Amino acid sequence: MFKRKYSVPGTAPATLGAPPPEARPPVFRITEYGEAGVNERTVESVADLPPTAADGKILWIEMNGLGDVAALKALGEKYDLHPLALEDVINVGQRPKLEPYGAHLFVIAQMIYHDRESCLCGEQVSIFIGHNILISIQEEDDEDVFTPVRERIRGGGGYIRKLGADYLAYALLDSIVDHCFPVLEKVGEALEEIEEDVLEKPGKNTVAQLHGLKRSLMQLRRFVWPERDVVSALLHSDSTIVQAETKVFLRDLYDHTVQIMDLIEAYRDVATGLVELYLSSVSLRTNEVMRVLTVMSSLFIPLTFIVGLYGMNFQNTTGDGSPAPTNMPELHWKYGYLGVIAVMAFISVCQIFFFKKKKWL
Amino acid sequence: MFKRKYSVPGTAPATLGAPPPEARPPVFRITEYGEAGVNERTVESVADLPPTAADGKILWIEMNGLGDVAALKALGEKYDLHPLALEDVINVGQRPKLEPYGAHLFVIAQMIYHDRESCLCGEQVSIFIGHNILISIQEEDDEDVFTPVRERIRGGGGYIRKLGADYLAYALLDSIVDHCFPVLEKVGEALEEIEEDVLEKPGKNTVAQLHGLKRSLMQLRRFVWPERDVVSALLHSDSTIVQAETKVFLRDLYDHTVQIMDLIEAYRDVATGLVELYLSSVSLRTNEVMRVLTVMSSLFIPLTFIVGLYGMNFQNTTGDGSPAPTNMPELHWKYGYLGVIAVMAFISVCQIFFFKKKKWL
Amino acid sequence: MFKRKYSVPGTAPATLGAPPPEARPPVFRITEYGEAGVNERTVESVADLPPTAADGKILWIEMNGLGDVAALKALGEKYDLHPLALEDVINVGQRPKLEPYGAHLFVIAQMIYHDRESCLCGEQVSIFIGHNILISIQEEDDEDVFTPVRERIRGGGGYIRKLGADYLAYALLDSIVDHCFPVLEKVGEALEEIEEDVLEKPGKNTVAQLHGLKRSLMQLRRFVWPERDVVSALLHSDSTIVQAETKVFLRDLYDHTVQIMDLIEAYRDVATGLVELYLSSVSLRTNEVMRVLTVMSSLFIPLTFIVGLYGMNFQNTTGDGSPAPTNMPELHWKYGYLGVIAVMAFISVCQIFFFKKKKWL
Amino acid sequence: MFKRKYSVPGTAPATLGAPPPEARPPVFRITEYGEAGVNERTVESVADLPPTAADGKILWIEMNGLGDVAALKALGEKYDLHPLALEDVINVGQRPKLEPYGAHLFVIAQMIYHDRESCLCGEQVSIFIGHNILISIQEEDDEDVFTPVRERIRGGGGYIRKLGADYLAYALLDSIVDHCFPVLEKVGEALEEIEEDVLEKPGKNTVAQLHGLKRSLMQLRRFVWPERDVVSALLHSDSTIVQAETKVFLRDLYDHTVQIMDLIEAYRDVATGLVELYLSSVSLRTNEVMRVLTVMSSLFIPLTFIVGLYGMNFQNTTGDGSPAPTNMPELHWKYGYLGVIAVMAFISVCQIFFFKKKKWL
Amino acid sequence: MFKRKYSVPGTAPATLGAPPPEARPPVFRITEYGEAGVNERTVESVADLPPTAADGKILWIEMNGLGDVAALKALGEKYDLHPLALEDVINVGQRPKLEPYGAHLFVIAQMIYHDRESCLCGEQVSIFIGHNILISIQEEDDEDVFTPVRERIRGGGGYIRKLGADYLAYALLDSIVDHCFPVLEKVGEALEEIEEDVLEKPGKNTVAQLHGLKRSLMQLRRFVWPERDVVSALLHSDSTIVQAETKVFLRDLYDHTVQIMDLIEAYRDVATGLVELYLSSVSLRTNEVMRVLTVMSSLFIPLTFIVGLYGMNFQNTTGDGSPAPTNMPELHWKYGYLGVIAVMAFISVCQIFFFKKKKWL
């Protein structure tokens, strides 16, 4: 879960190593748009990509799939992407960051989602932002997160066809960041369910689930925290790529990252409180169980001793037949049995009184 | 409790989504006042609202109820409110913040109160501050918190009719912030009650209540902390809307937020200390219960063994009638019974001595 | 303990509410002094107070007792004290702070002392510092803390009659701050006593005392931390009231607040360590008690079973008189009794060996 | 593990003390390279080292082994290395740091690796960076970490033969820093293994392993944290030694240190969570064990008492032969045995009902 | 341990109170040295001290012993030492600090050492640094720490006779700071010893020792942390007393304080980890003990009940002699005894199977 692909220590910087395991062959999508219209198509290889955007248009190139290192290298050469950035693209699991490289701003973000087994996954999205070009590289051709953005480009409403590549980058990041809200909502619901369990029936499962949720929150935090810094760096960037019109939206996006961090911290506090509650709940149950055991044992142990006492077989004659009147004469008393029952009742009453005083009953 | 309404990820910014569930239709109140007098009325729709304040007067428009998105949109267009701000108005549960949007300062605050079941609730209050206009938007037409301010405007004493819209904003925020004092007072009283329970009779209820209080404090903190930043940002704002005369009051308000934070932190520390105290109290009780059990068991277990021993039925003749003098001759000793009682008394005395030394008795 | 008086939410700022409960009627003391001499007297009402200091003299007005709101208001009008400051004077329990209001520096400090039941109390001291006038307002006419300062003024040695009202303010604050040293010394002694108890005889009382001390330290911290900021703010104040000659003394006072904070933190760490030590001590005792119980029970439970076994009444003839030789023939063996004792001894030796290996004995 | 060699307190600064225990005699390697080619050789003594790099070439001198203090002193004199730096070279176990001394930048780094027993070790690497000279000093002639760099120099690809001594320093540091990735990967795998154990079969071994991992992470953190500062200091150095071309690589290296810190923190959080999980797991198991004990004991203790009761030997005649009809008449009742069995069954059913209600069964 | 002498609250600043308890009469040592030679002597009173250093020489005056307040006052007057500084000299237990007072820099440091009972002690060293004069004041005439410095002055090697009073101050502080290394080494060894105990045989002693070590580390931290600030303040001082030549050494000293802090933090983390390990170790042992108890009890309790059952004395004739065949007919069955043994064996096997499944065996 906390893994990060890395090059072999000592390799030269900017060496493109093997692609991540299970990487797919890349698919290239081209979306060229302007105020007038949109032009979408899919191509097979880097060679078929247009080198620059048409006049007054924005060119968005998507490379979905990291299985072909040569294609990535070709892409880098065609658009003059910095080799160190490409190394980060292929070594997935990077911490989100913003790095200005020559003519581009290079952004790494992590898209967080629950997979089919409700495990939290992160998929690395790398974005190169140029003046009227944006290149986004994903691990898989998973349309979910960018589909609404593409729809907005097609629809043509709002600002997206009027502003530049920086606004497109904002829209993509906004879509990635806002994906944390449903993820967090699910975590919040799970926490509420667990809260009820903790007090009612704390079990092994409860604490394992709680542990899993804390782990998820930790991981969310690891990725969202630096994303906040990325947005802040874009907001305060002095690069000419980020234009003033976009900054009001970036400020709004920054506010979203702050709110997500705020929710994560709140949930972490709740989870920590639940672990504490769990421990005190178990501790209290142990105490209760102990009390019952102690009361039962203490009540009956002396009584069992007494009845055992009068179950002894001492004889009132010695081996040679002479009388041994001190050997358990009680057994022959007229009211011996009633007497011993009375004694036992008295002992029990005393003990119950003692336990009441101790508030164990 | 920690929920926040959000737009579907990927929707265009500034899209006004559905109103929050259970939102009511809006009520519009108009309060126009100046040094000379006050003019209050209620209107039905946005169209009936005056576009600007009369000369030398302050116009306060209240929109109470978020059930009508179209009305909100109309309000935004009429007074040139920024669409991103309106999105925050409708997505209730926002973190308090101050955002300058064009001609307005946009403030989000959260009003904290105990509802009828003594649960802590937050209601979002959004405020647009202009040069001589103030628009406040609440979730419900709940007059409680703003009634005293309205009374002060009607009464005409103090500064409220002499200063501008910024002072009105201060008065509203002050009323919201000061509402935390009675809330905290109630929490403090609950903590004091719990403290007595923890040492006397720690139970499942105690720890659940404590947990609930910690949660309340956490939530208060989440809302008051950013409110402090809002006040600070207003205080250091270079906007011409906030005038020098108001700043001394904002400084006082800032001081109130600091004191509330200070109380919250103090109560959090107290609550944490109580959890700790609870755990050590339960742990100590378990130890005490264990000690009683151990003393009782250890005292009687050997004795029970001994009486069991002499309850055995070994015969002093073998199956074929030959004598078996080694089979429990003690039973035929003259002082066998007294002897065994003496042995048991001796064992008990030794054990009591041992337990005294261990300080278990 | 953590209470703070507050105005009803929504009241206009600078409204003087009811005096604190149990407030006494005020007593006014006047001390006018200069290099030449000292003039002390007590007056009944605000009207009898001199409006300004005589030429070249310093006027120190003490108002001890908050029971008369009208007098406080009159004082404020006579000396032009800011209404917001007066509100803070009457709402006792404020966080220490320094606020410049017009011609005065307004300082709130909290005097900490142990009351007769060894509880920690705080008394609010409000000080207005002007150019050659100082007005101090206390809750009670409790001379303790300011008596040494008054003595120094009478005595005329040192710097106190040579420097201005700022030095007098320093002297008062120094007296308040240094009062924490004996308070802390008492806490330190209590901690040392508890430390011995924790290892020797951890009891309910120990942990309650520890909890009380932690609470005291928390409260001390709450008041001393902002007092440090007050002194620092005075030190770096650009007001002409604070003169260069006084700053070296303020620096020394600042150092005292740092040292008090340092001691408080050290004691807090010690107290936290003691709670930890207490828990592990109880935990270890429980383990020890358990071990004894387990050893005793495990040793005797199988033996008790065996003796019970031979206490059964199976008959070696069946109901119809035919022999049942398999019914407990051991009882008729010649060395049956010795044999069973040997078996029990063997079992016990095995168990003791096992317990030795486990290091439970 | 956390040791640091130090000079006797009070010795003059820059005194070269004894070499570290088990230090080996030094081996000197010389690698002189430029764009044209590479020249490698090994010499015996400091005297044989070239005093400066040939024109347009970079001279890399390696001194591997700290066993000969005189040689170190000679090296220092020959290349004008600062005596305080040499003291740090010999006192191994230093915190990583960057110190500008005259014409050199002096860097201390710690190489982290798992030794044969899977213990974490650190080896100090000291580097003096000059304008076209670099002197590296290691504790042992352990080629592992620098071999890939040497290979790159020989290979001549990439930037290494084109850029200066600062790039060589970067390459060495990069190799040292990236060595943490496999170390962390191993720690991560160990954590995953432990996680399974914690819930399934928490044992003494589990917690000891967890403790060992936490210790390893703590140590990694101790060395990587200051290494991050070293890289940052190099990056922002105003020394002419560090050239602009190298800075983009240093920024990448800085990013690696940040990512390593991030992983370390994540693993620390996981380890802390596992300790918590372990404790609650053990606590829950104890509770479960207790419940079984309590149920078993409580069920049978009253029954054992009852059967003991009817095992008493009270006689229905007194010592003098007169009848004692109140002595255990039940034994002679016709359905006495069935009755007592019925009573016991009823008691058991009641108890089972009670335990079900308590959810202990 | 955490005590600090203080003046009575309210006393005038710069009042020299009583000397610390057990203070000794002062001894004055004079060491005057320059490049040419050294002149050492001891005098009886302040009057015999030379007022200034001879030309081109450095005058080091040591006052060892605080028993004579008058002598301290005289010293202060003779060398124009600030009265507030003298108050700090006599109120031992001060936090280390640097304070510029007129012509002097006033430094307070705390020398840390283990006393004969291995307790950690601190001795306050006060140093006044002038242009070519240095006055050091210690609590006792304890030569240990300054002897190596004096030796270096006598020996004349290194820098000590070439540089000024600031270098002497550096040498003294260096000697004080480096004294922490052996202290920490001892703590580290103790931690290693405890670590073994914690897993093998956690006892009351273990946790008390651990608590003591944590306390020692806390105290070390309290004194070393501000000493780091003192060195940093000297390093960045703009006073002409601290010369550029000395700064490289101060930087080295600063590095030592950082390394000591680093070690202290590492040891604190280790100690915290050990407390955690201790608690989980005890918790696990309790669980293990419980398991044995539960298994033993659960195995034998039902068996003991059964044998008790057949130890009952129900008679197969009623009181009036009529048969009661339902009264324990099993006792007369032919294979009753073997049958009951078989039943018990079956029950035991079932239980063992259950315990195996639960992994308690």
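Labels for the chains are A, B, C, D and E, by order of writing; each one numbers its residues from 1.
What we mean here is this: a contact is a pair of C-beta atoms (placed from the backbone, for glycine too) under 8 Å apart; a residue touches a chain by one contact, two chains touch by 3 or more.
Not measured: the values here are computed from a predicted model.
Taken together, chain B and chain E share the touching chains C.
Hopping across touching chains, the smallest step count from chain C to chain E is 1. Counting the residue numbers used at the interface between chain B and chain C, under half appear in both copies, so the two copies meet with largely different residues.
When the CA atoms of chain A are superposed on chain B, the rotation angle comes to 70 degrees (nearest 5).
A separation of 39 Å divides the Cα centre of chain A from that of chain E. The geometric centre of chain D is 24 Å away from that of chain E, both derived from CA atoms.
Contacts with at least two other chains are made by residues 279, 283, 286, 290, 293, 297, 301, 304, 308, 311-313, 328 of chain C. The chains touch one another in a closed ring; read from chain A in the direction of chain D, their sequence is A, D, E, C, B.
The part of chain B that touches chain A in the complex is made up of residues 2-4, 6-14, 82, 84, 94-95, 97, 99, 101, 201-204, 207-208, 211, 214-215, 218-219, 222, 275, 278-279, 282-283, 285-286, 288-290, 292-293, 296-297, 300-301, 303-304, 307-308, 310-313, 316, 325, 328-338, 340. Listed in rising order, the residues of chain E touching chain D in the complex are 145, 147-149, 152, 157-160, 174-175, 178-179, 181-182, 185, 188, 199, 248-249, 251-252, 255, 258-259, 262-263, 266-267, 269-270, 273, 276-277, 279-281, 283-284, 286-287, 290-291, 293-294, 297-298, 301-302, 304-305, 308-309, 311-315, 317-319, 322, 324, 326-328, 359-360.
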